[in-house]
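Here it is, the structure in full.
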Amino acid sequence: MPEALTVRDLSLSFGGIVALESVDLSVDAGAIGGLIGPNGAGKTSLLNCICRFYQPQGGSIRLGAVDVLRCAPHQLTGHGLARTFQHTELFRAMTVLGNVLVGAHTRGRPSVFADALRLPAARRASAAQASLARGVLERLDLTALADVRAGALPLGLQKRVGLARAIASRPNLILLDEPAAGLNPSEKREMAALLLRLRDELALTLLLIDHDMDLVMGLCDQVTVLDFGRRIASGPPKTIQRDPRVIAAYLGAQYSAVSSEKGQ
Amino acid sequence: MSDLVQVVLSGLVTGGIYALLAAGLTLIFQVSGVVNFAQGALAAVGAYTCWSLENQHDVALVPALAFTACGLFLLGCVMQAILLRRLAGDLASSVIVTLGLLIVLEGGIGIAFGYSPPARPLSLPLPDGQFNLGSWALSQQELVLAAIPALLVGALLLGLRYTRIGATVRAVAQSARGARLVGIRVDRVRLGAWGVGAILAGAAGILIPSASTSPISPGMVDPYLLSAFTGAVIGGLDSLPGAAVGGWGLGIIQNLVSYYTPSQVTNWGIGKDTVIFALLLAVLMARPTGVFGTPIQRRV
Amino acid sequence: MKRAKNPWAWFRRCPWLLPALAALVTLACLPLISTTSFAVGFLDPAGTYAILALGLNLLIGGTGQFSLGHAGFFAIGAFTAGILSTNYGWPFWVVIPVAGVVAGLFGAALGLPTLRLIGPYFSMATLGFGLLTAEVLGAASWAGGRTGITLNYPQLGAYTFDEVSFFWVILGVAAVTLFLVWNLRHGATGRAFVALRESDFAARACGIHLARYRVLAFTISAVLAGIAGSLFANWNGFLDASESATSSTFGLPASVAFVAMVVVGGLDSTLGSILGAVFITAVQYWLQDRPELAEMLYGASIVIVLLGAKGGLAGLPAMVYTAWRNLRARGTGEARA
């Protein structure tokens, strides 16, 4: 199975602090990958490296055949990468439709001159973008909220708008930073179902970070575990759950011995 | 050579005023995150209050200074409490709001006291005569004028370093959230910082007429303001000693440039102010947080 | 399938066309009844500064970068016009676009290195630029030095414009500017600007080129400021920057007035830019005998708007409506909306 995302030997440090150390991670095309670990393990830093917000000191990141480290952040959408953020990072002053339109920015927008002069070419391009955006809204059940200011929405809906914005660029791979954080249990179930549906309908690959173990174990095909910037385990959920190193990382060394004895 | 020493001394006098303004600016910025463009107006308020007390109400110098200091402290607190708390976090807006306040305050002074300089100047009891250091004859007045800001800024820095209140202020400057968690009344510290910042500005305002031998006017601080900003930025807005050093350094550089620039260059439009602005631009582009500041890390 | 040529279908598609034409015609009639002093004191500056404000709002309201130095670009445009007209005799309709281009080049030059500066640092950098420009133009002998530059009345073929009739030129340029800026702001470009302001991380993740759009906003605002400056040179007839940094036309007070126009009119509101420019010009005209009072008034309005009425003049109807609704709700004892 081809790999949609391949991270090899990635290292990142800020001044004297080592955030990531020789991390390997890969996600197969069409799969849902999970990235877990205690707070401060480097999960978001890894995502930020993939998005080119941080410059790693060593290693490689490939998106299929594309060498990500040679791209600027804004070029990645063109290569099929999209992302959601832990704190949604929505464009709060804009409407939901506006947010999704920005997501579709790289899909057929008119040139600045044509835009300013409202040339027919620009109008056609705008219309095409608008219908693309409305299609996305419909897919995510957000049509009724198209003209609502994004900042006025409750968190659950904001997360959905963030997701809509991400899929508007027609990505192949979506990075999701804590998509379920702050949601109540039923919202989490909805989110999980939504992610599965989108993965199937749009032939996506997903990589998600989250702290909710039920969500991650239930949704993901492969899980990678980070601790203090290093990868300590990787594999299918069932294996990860029983791995003593993972348990030690989350609960402390004294529990891993007990759990592995009890065969949990 | 004695020319050079004289120029440097004059530079220290101007630089001292910059340092006072810069110190107040930096203190306010570190504690409340606002770049206070209204420092200039606060300085003018200080100057006018002192002048008015002395010349219109026949108050002696020392009580006039004390009253002015208290008044400025209150004014600074009021500005923070009423006006700027409502803008918490909105950095860009706070710059513009303080700019608006600068204009309003200066206009207010103009309305209250008239826009043209009053006939009687704001005079401080400064010594005349020369002080002989080896072969150099230095003006005593300039020496005193250079010393006063140094004493004030020095007192501030020592206070921040060695007193409990100082530690509290430094805590808030580093992390307001953390300070709150250990029980520090962050709001009060902010009020205090604005008050002290206002006093420093007032001190600058009171010294300016003597330093530049010009009468007071509502806009008298404006020429000093930008240089003070530049000094603060070069030194680093998150380093108080850095900002003060920046102020002094700038005063000296400005004076040297002014003294040694040939007149043809001035005709092209390049003068001491040009150098300042160019320097400001250069520093902001190369290292915005200044020589002594710490670079900003943005996390997402 | 060919659509039936129904002239009324046009108006239905663009419902703004009729009111816009009506407004344009009304404004065009003003010079017919205006005195010279009213034109110089109010009409010409209002139109000129509206053009500048439209551009500046793309930067301040759109990308969210508060520039305190746009008087610099205004001055560059004005003096380019002055020098090209008096020293080289170029006609005004060539000089104006050239002035815009020159100012735009400076805009791009300043926009690039100041790209990544946040909030107050950006403001200070632009402040430094504005004052630097005013200083240089005020002292330099090739910019008129202490005597300033005097321009001849602008001519188009055999027709010579005076201060009053030049308003038509200003009106024309303003109308075109409004059209262009409106389209930009409500299209993909404007959305990109706002996205960068709201969250530059998310914007870049959506494929928006930070440098490109920030510099674009800066450059457009500089071009429009330059054009405004060249228009000013033509109707004012006299350029004098000798007061340099404290000049109320080219120095810090001017930059502050420009920011006031944008803020008071309504940040990120295209119509607001025009309202703000007209308001500030009206204040300046009405208080021309007490200019310091005028300055105080817009200092105060900046503070008031930013602290309480963020929508500015353009947001006034919405504010009034909400207040009225709340009052009614309170009256009938209902919960507040």
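For reference, chains read A, B and C in written order, and residue numbers begin at 1 within each chain.
Here is the rule we go by: a contact is a pair of C-beta atoms (placed from the backbone, for glycine too) under 8 Å apart; a residue touches a chain by one contact, two chains touch by 3 or more.
What you are looking at is a predicted structure, and each value in this text was computed from that prediction instead of being measured.
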Chain at the geometric heart of the assembly (C-alpha centres): C
Reference subunit A; chain at largest CA-centroid distance: B
Inter-centroid spacing, subunit C versus subunit A (mean Cα positions, whole Å): 41
CA centroid of subunit A to CA centroid of subunit B, Å: 48
Rounded Å distance, subunit B centre to subunit C centre (Cα mean): 33
Contacts with 2+ other chains: residues of subunit A: 53, 85, 89
Per-residue multi-chain contacts in subunit C, two or more chains: 201
Touching two or more other chains - residue numbers and ranges from subunit B: 300
Touching residues on subunit C, where the partner in the complex is subunit A: 179-181, 183-184, 187-189, 191-192, 194-195, 197-199, 201-210, 216, 268
Subunit A residues touching subunit C - in the complex, by the definition given at the top: 51, 53, 72-78, 82-83, 85, 89-94, 98, 101-103, 105-106, 109-110, 112, 115-118, 122, 126, 129, 165, 169
Residues of subunit C touching subunit B in the complex: 64-66, 68, 113-114, 117-121, 123-125, 127-129, 131-132, 135-143, 145, 201, 244-246, 252, 256, 259-260, 263, 292-293, 295-296, 298-303, 306-307
Residue numbers on subunit B that touch subunit C, as the complex places them: 35, 83, 86-87, 91-97, 99-104, 106-108, 110-111, 115, 218-219, 222-223, 226, 229-230, 233, 266-271, 273-274, 277-278, 280-281, 284-285, 288, 296, 300
